[in-house]
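Letters A, B, C, D and E mark the chains in the order given here, with residues in each chain numbered from 1 onward.
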Amino acid sequence: MRAFEIIGGLLALAGLWALPQWGELSPYVLHIATLSAIYAIPAIGLNLMLGYGGLVSLGHAGFVGIGGYAAGLLMVDAGWTFWAALPAAMLASGAAGALVGALCLRLRTHFFMIVTLAFGLILHAVMNNWEELTRGPVGLAGIPRPEAIALFGAEIAFRRLPDFYRLTMAAAMAALAVQALIVRSDFGRMLAAIRQDEVLASARGVPVMAMKVAVFAIGSAIAGAGGAFKVSFLRVAAPASFDMLESINIVLIVIVGGAGHLLGPVLGAGLFVAVPEALRVASAWRLVVFGLVLVLLMRFAPQGLAGLAADAVRRLRGKGALRAPGHA
Amino acid sequence: MSAMLSVRDVSAGYGGRMIVEGVSLDVPAGQIVAVIGHNGAGKSTLLKAVFNLLPGRRGRVRLGDTVLDGLAPQRLLAAGLAYVPQERSTFPKLTIAENLRMGAYLLDDAALIAERTERVLALFPALRARLGQLAGTLSGGEQRMLEIARTLLVAPRAVMLDEPSIGLAPKMVDTVFDTARRLAGQGVAVLVVEQNVRKVLAAADTGIVMEMGRIVLADSAASLRSDDRVARLYLGAAGRAFSAPAHP
Amino acid sequence: MTKIVRRAALSVLAVGAALAGFTPIAAAQDRVTIGVLTALSGPLAAPGRFQMNGINLAVEDANAQGGVEIGGRRYQVEIKVYDTRGNPAEGASAMQRLTTVDRVPVVIGELSSGVAAAVAPIAADNEVPFILTVPTGPNLTKANNRWLFRVNAHNDQLSQALADFISRQGWQPLAYIAWNNDAGRGGVQSMSRLLPQGWRIGYTGFFNVGEVDFSAHVTNIRNAGARAVMLFMDEEPGSLAIAQIKAAGLDVQLIGTLAMGSDRFLRRLDAQRLNGMVQYNAFPPNAAVPRIQGFSQRYRAKFNEEAHGFAAQSYDGLMVALAALRAAGSATDARRVREALTRIDHEGVTGRLRFDAEGQASPPVYVTQWCADGRRRILYPADVVADCGAG
Amino acid sequence: MLLAVAEQVLNGLMLGSIYVFVALGMMLIYGVMHVLNFAHGALFMLGGYCAHLVFTQAIGNYALAILAAIVMLIAVGAVIERTVFAPLRDNLRNQVIASLGLVLFIENLVVVLWGPNALQFRIETTQAVVSLGVLRFRVQHLLIIGVCALCVTALFLFLQRTRFGTAIRAVAQNPRAALVVGIDVVRVHRVTFAISMALAAIGGALLGPLFLLFPQMGDLPLVKGLAGILLGGMGSIGGAVVGGLLIGVIEAVSTLVIATDYRDAVTFTAIVLVLLLRPQGLFGVRTREEA
Amino acid sequence: MSDAAAISLAVAGVSKSFGGVRALADVSFALPGPGLYGLIGPNGAGKTTLFDVIAGRQIADAGRVLLDGRPVQGLRPHELAAVGLARTFQECRIFPEWTCLENLLFSLRPKGLAGALGRIVTRRATAAAEAIRDARRLLALATLDAYADMPASVLSFGQRRLLEIVAALMGRPRLLLLDEPAAGINPGLLGVLADLIRMLHAERGGLFLIVEHNMEFIMGLARHIVVMHQGAVLEEGPPAAIQASARVIEAYLG
């Protein structure tokens, strides 16, 4: 069964890698796939916080934005390369996450939710209003795609969509791998202990507050990386890319995909980007239908897509022993 | 013996797992029937099943001549069957008066409510002085009193108590069982589930021993008190006496 | 079980049929499809409606004349409209789809400068010309994008005449109330830059899209002792702002933008409240100019309201696209369409449209003023100055 | 300056009254059913549109139009409660996402049915201006504050003085115990939802004539109402009222000293500060651990 | 961590109020060395509050808690865990998603943020075989061996209680606070539970402080009992003396 999973995973990876080579595949498909990967990255960060740490943050787009603007400004104003700006963006978002986390993690669930929402709004206001730095609502234009690199003598030009697609896919995979490692590490187990019972975890010696701040910072740093990829992809950093709606979208991606499942954010991002695209033909009815799809999903697939998939796999394998514990 | 509360072949459980299987018992008016047994033997589940709180319950329940099967809890209460669950069931931010008023929720007749409230307060004088106080400020034992007192407002014909002594100091435990006795003294059929075997058998008329969701022994409380097996299993005599795990 | 399957199949069919209803059914005649980006939902959906009115009218007009003749064949004109929701990523996906799946030869539209900045590079990637009809950020056409064109005047062009006018009138201190978005902030920036050095600005207040209470601004304007208030917003918040300014009894000169163009706007207010307000305008619907009158009449006949500037600009956007197709002689070759656009010289309803090296057109800009009877007069430019009723 | 402050305070009270309508409705549903309904703002907007529809198409009487809107919204709410929230009971996270789906559904359905452009909802009688000293306000302003006070009082009396109102509080505190004393919990949920919908309808129908009706008109009141609930301390009626009013006043008065583009940021910074100093909100008591 | 053989706990003048209600009023007592101690008192006497103060979950308004003579009041629960304190809860807390074995092994995880961050992407190689042996033995003693690899959520309340106790013991605490270990446990099992506690204490040493309502249980188990009443210490002494004390009988046993 393990081997089955590994082989399946490798095949999927190879397929994704080769996607641009599949005949006359439209750049549109690559574009959508790239966008999905770009949404998946911050969603993975949020999944660590929300799915594994139990922290429902409604301001995640703010931290995506910090990473995006940090990367954009460093590239446009300071002339850094993308490769130098990316870690700087993660650092900036991570530091901001640690700061905000330290401030508002003392609050209980709903209060925490609203305070993170407030931080999201405040960060958006700063991006929109601090025109001297951010260029205001029109956005910071002229952000380059990553510089080409030479690999085994062949030049990979990220300027072009197929190569940029592979880059974001690789980045999403890397984020996924980091997520899996963290979840399965000792750190992850302590996180799981906190999610199940904070009081008990604390009594067993887990420094609950510090752990939460740490996971908030990590989630934000991953979000920052997502922001750097996003602005490089769109070639503009505009406040409209990081508003409250966008925060809600990321939460939506995580939960619809299946919070607390490793692949949840990826499935959620795919669905979130693909369904509205597929519904473009429905014109004005598009978001009406999409809203309905969300309601129905929550009603009939309460564990998200990953939960649905897990159930299906279990059913295929015959009787499903015990239900996956938790994640209610 | 004509039973006030009659339970026949009741089975129930959670999510397809049966915890109570084919239990039948009778509680005559004016008597206390105690159900004892290990953790997970299905005692509390039995009461919930009788009160129709579990979906998919099977079997029949009768109160006097009324068939209670399939009735929603508020209909059961209207028919005269009251239930005091194990966990706290007072409303902590309502006053004691309001809590009592909620006990009489199903009644419309103001005069009747006033009269019964008066009777109940006579029975529980400690509550009268504190009518305007929030229920949350009462001690655990006092809240238990309030819960029991509250059920009297609907003039039930039968009352089910789930572990009334849990978490109470010894002094309060006695008071609770005294109250149960007084209830029976008013002609109410009392069905009580309890861990404190010694105390409950001292108060009850009949004892029923449950194991693994079934009744394994039923006798008068007096003879159960002197029963070897009961003594060994439930009254704290030594020995490794775990029954098989409740529900693997 | 079979019943469930049958029911499921039926509902799938029903949904499919419903969706199919939205896509035009292919017909025998040749068709050319123009891509359109706009906001059908979200906070910009309202101005999006004016944009679409203009584009729909243009399609209707073109087809009524038998379509467009390209390379000796006549084509019926169709549009493919995608919603950008005012979101840059949405816009980028929509542009990618128009240019690589629908393979349209030219794309027009868009409302927000932020979205346009994300969308334009994709048009360039896929080498399809993109004609903006509403966004006013001056930098958009300065990004060295050969595939981007704009038929409407940007903020600097729009503000120029009005800035002169304001300085001649000596309206200072001046106060601004502006949308806290690209249109509002961009407008304030341009106007402040174009006013004479040191012109006193008593108060600048921004409000978020969706906010409807202007009392704070009104209070601040009164405290600042401003003589004139310039409103950068569209007619919906605009009508509220003016009503609240007047209700507070503030005696200030009102100055507006072209977004507050139509009589929809007036209907929300008493003419008295508007009396004397000046604004810049791209399309004074009642001017005694044949092209303007013609468009206004057709627009009123179809939509039963006064023509809006966004509609006129977008009408011209589509007509310019068709003219370029005609000149290119190809309904599919986007490169040739771009070439044709650089040389285009189109007499549109908003004026004569030619693109400079950056792809920016310079349509005429007007300054109009509301009269007490709810009609307008034209104050600028000098050659079309007209009195009440002809603005 | 004093004049300006007075003007802004009254303005803040008016805005705050609108937030109170949203906050109270959300708080009731949350307190009793443990549903955090983000669609409340969209329903508020729908209330305004319903009132407008009835007013312009049918009766032309403002009070009757509001009544009709209440009835229509209660019907809509009943459908939503039964098909979405009741089946998702005890799953807060999924309820939140489902309610966000509802926001998309309702707002865009309104765009499809009524168009994206704002509608004008003009009630001549309430357009009149009254003078309070030098300050001038529209009747509608005062109407909003008045109706809000009326509704709050009525709701308070209902919850404190009536049997059913007490039952609603009882269900909020201990739903299992409510079942045991014979309270029809499902009915309590439905009535609570209906009350909440009625408040949303009144709020939307009152705000419409003052400004405009547009599909996103509920978004800001939703966020501010939510903030008001938290500021007041989740779970207390009085807290929701004071919290909502306070948010209105803070945001109105703050604009006198701080640039308006940071208006929302200022409001939310204030809330963050309050919550950091007093994590349970102004009137909240720390009771149950929330999961 | 210093030796479990030399541990002492003292509470000096601890007071704590909640919104005007005095839960603890100047509580003082000293437990001089390892052993089994009982803490009894009527409902509302402040026993659990005192536990919470000792374990760092509540911060006292006044007074000191001394562990080995060193003041530890104000330390947070995880810091106290690091110096050898473990506890169980009245409401019984376990990690429901994990197996019983994992519940026990978690008591051995590296703690502290530095340790956690150091292991942010690594997993400690499967717990030492010795630790697993120890855990399985504890589970067997608690009659939970059949459930070792099942999620703890399947256990009944009484079984959870046992799991909680052995999980707390797994980390070999020097100071163990047991909050009503007998509540919800079948009377028939109480003897076993008492034996288990007695045996593990004999084996591992340390200071066990047990809050209990069941008199028979605690009188048979503890060698020294502290009685609380209305937030203060009412009496202290060996079980026999407590049972004979008129004050205690008056206030409590009735």
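The working rule: contacts are C-beta pairs under 8 Å (C-beta built on N, C-alpha and C of every residue); 3 or more make two chains touch, one makes a residue touch a chain.
What you see is a predicted model, and the numbers here were worked out from it, not measured in a lab.
S.K.: Just tell me the minimum hop count from subunit D to subunit E, counting one hop per pair of touching chains.
M.R.: Counted as steps through touching chains, the separation is 2.
S.K.: Find the geometric centre of each of subunit B and subunit D from their Cα atoms only, then give the gap between the two centres in Å, rounded to an integer.
M.R.: 43
S.K.: Take the average of all CA coordinates in subunit B, do the same for subunit E, and state the distance between these two points in whole angstrom.
M.R.: Roughly 32 Å, centre to centre.
S.K.: Could you state the distance in Å from the CA-based centre of subunit A to that of subunit C?
M.R.: Spacing between the chain centres: roughly 35 Å.
S.K.: Find the geometric centre of each of subunit C and subunit E from their Cα atoms only, then give the gap between the two centres in Å, rounded to an integer.
M.R.: Distance between chain centres: 72 Å.
S.K.: Could you list the positions in subunit C whose residues touch two or more of the other chains?
M.R.: 40-41, 180, 206
S.K.: Which subunit D residues touch at least two other chains?
M.R.: 107-108, 111, 259, 261, 264
S.K.: Which two-chain combinations qualify as touching?
M.R.: Between chains, contact exists in these pairs: A-C, A-D, A-E, B-D, B-E, C-D.
S.K.: Quick check on the complex: what are the subunit A residues that touch subunit D?
M.R.: 56, 103-104, 106-111, 114-115, 117-119, 121-122, 125-126, 128-129, 199, 244, 248, 251-252, 255-256, 259, 284-288, 290-295, 297-299, 302, 328
S.K.: Can you list the subunit A residues touching subunit C in their complex?
M.R.: 26-28, 31-32, 35, 128-129, 131, 136-139, 141-142, 161, 230, 233-236, 238-241, 245-246, 273, 276-277, 280-287
S.K.: Touching subunit A in the complex: which residues of subunit E?
M.R.: 55, 57, 76-79, 81-82, 86-87, 89, 93-98, 106-107, 109-113, 115-117, 119-124, 150-151, 153, 171
S.K.: In the complex, go through subunit C and note every residue touching subunit D.
M.R.: Spelled out, the residues of subunit C in touch with subunit D are 40-43, 45-46, 48-49, 180, 204-213, 215-217, 219-220, 222-223, 236, 239-240, 247-249, 264, 267-268.
S.K.: Which of the residues in subunit D come into contact with subunit C in the complex?
M.R.: Interface residues on subunit D, with respect to subunit C: 1, 4, 7-8, 11, 15, 107-108, 111, 115-118, 120, 129, 136, 138, 210-212, 214-217, 219-220, 252, 255-256, 259-261, 263-264.
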